[in-house]
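Note that chain A is present in both complexes that follow, paired respectively with chain B and with chain C.
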Partner chain A sequence: MRLLHAVMADIRFQIKQGFYLVYVIITAMYLIIMSFLPDDILAVALPLVVFSDPSVLGLFFIGGIILMEKGQGVLMVLVVSPLRSWEYILSKVISLAIVSVLAAIAITYFSYYPTVNWWLLLVSSILTSGIFTLLGIMINAGCNTVNQYMLKTIPYMLLFILPCFALLGFPYSELFTIIPSVAALKLMLGSFHGILWYEATALAVYLLGINLLLLKFTVRVFENKIVYQD
Partner chain B sequence: MIHLTLFKNDLKQIVRDPIMTLLLFAPLLLIVVFKLLELFLVPYLAAKTGFDITPYFPYVLSFVLLMNSGMLGIVTGFMMLDERDGNISQLLEVTPLGRNGYLANRLIFASILAIIYGFIGIAVFKLPDLSFFTIVLLSVLSAFYTAIIGLLIFSGAEDKVKGLTFAKGLNTLVLFAFADLFALPWLTFLSWFFPPYWVTMIIKTPDSLIAICFAIVIHVAWLGILIFRYSRRES
Partner chain C sequence: MIQVENLNFTYKKTRKKAIQEMSFDVKEGEVFGFLGPSGAGKTTTQRLIIGLLRNYHGKIEVLGKERNQWGKDYYEHIGVAFDFPNLYTKLTAKENLQLIGAYYKNECEDPDKLLERVGLLPEKDVRVENFSKGMKMRLNFVRSIMHNPRLMFFDEPTSGLDPMNAHIIKEIILEQKKANKTIFLTTHNMTVAEQLCDRVAFIVEGKIVVIGSPKDLMIEHGKRIVNVEFRMNGNNHAKNFDLQNLGENLEFMNILKSAEIKTIHSCEATLEDIFIKLTGRNLV
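Moving on to the complex of A and B:
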């Protein structure tokens, strides 16, 4: 119940801050671009757009959210409130995943791509969004300004995005699937181009495991480095 | 004199803070990445799909210039938001520098960097048709765009999160640089009122006096309106 209330409060906050409005504008922009792409390019561009923007939005926004709440003293109140750290973090992850999923579905639906596995798209969007939001909370530790946060995300982004080129295919490129972003992109591409059911299940279970591991680790970093600041 | 002292102090502050130094060099990273894409991805795409990107190079240059100046504007906007949160801007406003001096100091600093990166970007993506005058003009327009983005974030956002929302939304302005590719009359018409469209127009038709005049008018108008809005709101 506490978690549900926290999620609702976060959603209200995000609406107030214009997250939903800005994603309506961004979705419109992508739809204009997508409508001019030939079908063969759309087949590649659409999953890449859904993966690189809506699914990763948590990483972009979470830095500012935590810094602002830290500045407002919300994190200090958290220590004495019944809301646990993991509930606070999970609430952020869920609420940002909702924006991700809605944007991903809107972009895909209005691009009129013929063969979409909607369930797989939903699962891959949620799992990818979770990973990047949790990563953002960890990066946030030790940051005092948004500029510091944005700069600190660059190496992590490179670390997560560059291996995705392995999907172009070269000897042993399959090994890169161990990197969560590559697994997530593979699952995302699978929701558009088709994927064997056992491969999809394995990728989804792997990403879920990574999410749970990251959540556990993030809670520790959040308590030690952000709330109590060691 | 006060401006010069503050400018020197800003430089010192940036050199001392490795994060700020790196951040201000980030546009170079973007230029390098795009040059590498031009060198390796373009031939790869041409070989694999037969797609020739050469006719679209003016758009690529426009995109790089806008992304660079936009990035500097966003950094400046967040720097000012952080200073507002830390009450540093209020402190500087009561010094002889004043509110407008503070704003000018911050925006001019980023704009000078935008001019430098404008020159570097154009030099790296050399387009044969661009005269020295056009290169200078594009660099100056980059400086204006930096100031516009910085002001939009600083005066529009009440807090860091809204600043991020603004930054995200402002990235969509780059779409206007590609407006004529889409051949949608309503989009082209809408684009006339936004700076990115005119940056592309100048690169595509460097000798067009109309494009030059419109580009200058639109950039100056945006900056003027934003400064006026900021001054009125603050007073």
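Moving on to the complex of A and C:
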């Protein structure tokens, strides 16, 4: 029940702070760009755009959300309320996954791409969003300003986003699948280009495991750096 | 309600010994004032009891259980109002109360009633970003009591309030005390402490220097005299008389009978005087 209230509170906060409006504008911009692309380029660009939404954008959004909560002091109020740390974090994951899924569906649907596995798109969007939201919370735990957050985000972006380009033809790309973002992009590409069912299952299970591990680790970082400020 | 024994705490990062061998207790239904200058250790002690700092040495028993044995259920029983407003600025006053209230198992007070009590009902649907500091502080305060906690922590509850609104907050604190709630008040405002606290503790450099009821401390450290200002034979006069056998002091009795009394005061010390006397420091 508390978790549900927390998710509703987060959605309300994100709407009132204008995050949904930003999402709508970005999604509209993507759609306009997609409409000009020929089919062969769209086949590569669409999965990348849909993937960038919960990953790169998600990472910046969660940073902004938590910095705003810190700035308004409400994080301290939540810390001295019965809301558990894991509920606070999971509610951020759920609320941002909802926006990511909505944006992914909107961009894909209105790009009129012929073959889409919607279920796989849903699963890959949620799992990708989860990883990057948790990563963002972890990075943000020790930051007080946007600049600090941006600086701390750069190495993570390099580590998580750069290897994704391996999927675009690098000869040893399979090795990179161990990197969660690469596995997530592979699943996302699969929802557009097709993927063997057992490969999709393995990737989804792997990403789910990474999400759970990251959740556990993020709770610990959150308690150390925000609750107790050790 | 709260029992602290031989409490020691050192900040890990700065290695600053913030609390040293601190011992005190707070009884149920009591308003306990924690007084001291900035940096004395008031907030650190409060944060230790609230559960925002860990790795302390000594004992902090709250509501019958060692502090570090409590989980998040602890916050169902306590209410905290920090000395600065922590509110969702894009939400209205009522939305702020509803949003945080939803996290408690206890049924929360009707937000309208709470807002009316602190004079914010007409602004209940106004976004907090449009509130003055005083309005935010009042909203912050009622949010900390809305879930009917048994133990409350208020840090400078009247800071930034005009006298009328400060009076309302003080009235609410006394109402809570009447309802047998326990209040831990952190302040450097001696008047607030005098008016509200059953007992106060003076803290300097992480140590408690004295604990007692404001009245007892003021009498103990005051002068045992009464000061009278009066008008006699067309002139103003002021005179001090020893409290000892005052009723048998003929000069005093004569002034009472024949002069026009302007003022008459016993000369107990103020809490501020006592603080300066005991610590050699000002309460800034």
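One rule holds for everything that comes next: the second predicted complex is superposed on the first by the 223 of 230 C-alpha atoms of A that agree within 3 Å, B and C clash if a C-alpha of one lies under 4 Å from a C-alpha of the other, contacts with A are read in each partner's own complex, and residues count from 1 in each chain.
Basically, a residue touches a chain if its C-beta (ideal position, glycine included) is under 8 Å from a C-beta of that chain, and two chains touch if they have at least 3 such contacts.
Because the structure is predicted, anything quoted here is derived from the model rather than measured.
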| item | value |
| --- | --- |
| Partner chain(s) touched by A:25 [first = chain B, second = chain C, both, neither] | first |
| Partner chain(s) touched by A:17 [first = chain B, second = chain C, both, neither] | both |
| Partner chain in contact with A:76 - chain B first, chain C second, else both or neither | second |
| Touching partner for A:9 - first (chain B), second (chain C), both, neither | second |
| Contacts of A:228 with chain B and chain C, given as first, second, both or neither | second |
| First (chain B), second (chain C), both or neither touched by A:60 | first |
| First, second, both or neither for A:43, with chain B first and chain C second | neither |
| First, second, both or neither for A:151, with chain B first and chain C second | first |
| Contact residues of chain A, present in both the chain B and the chain C interface | 17 |
| Residues of chain A defined as touching chain C within the complex | 2, 5-6, 9, 12-13, 16-17, 72-84, 227-230 |
| Chain A-facing residues of chain C, complex | 12, 50-55, 72-73, 75-76, 78, 80, 82, 84-91, 95, 99-100, 102-105, 143 |
| Residue ranges of chain B in contact with chain A within the complex | 19-20, 22-23, 26, 29, 75, 78-79, 81-82, 85, 159-165, 168-169, 171-172, 175, 181-182, 184, 187 |
| Residues of chain A touching chain B in the complex | 17-19, 22, 25-26, 29, 32-33, 36, 57, 60-61, 63-65, 67-68, 71, 145-148, 150-152, 154 |
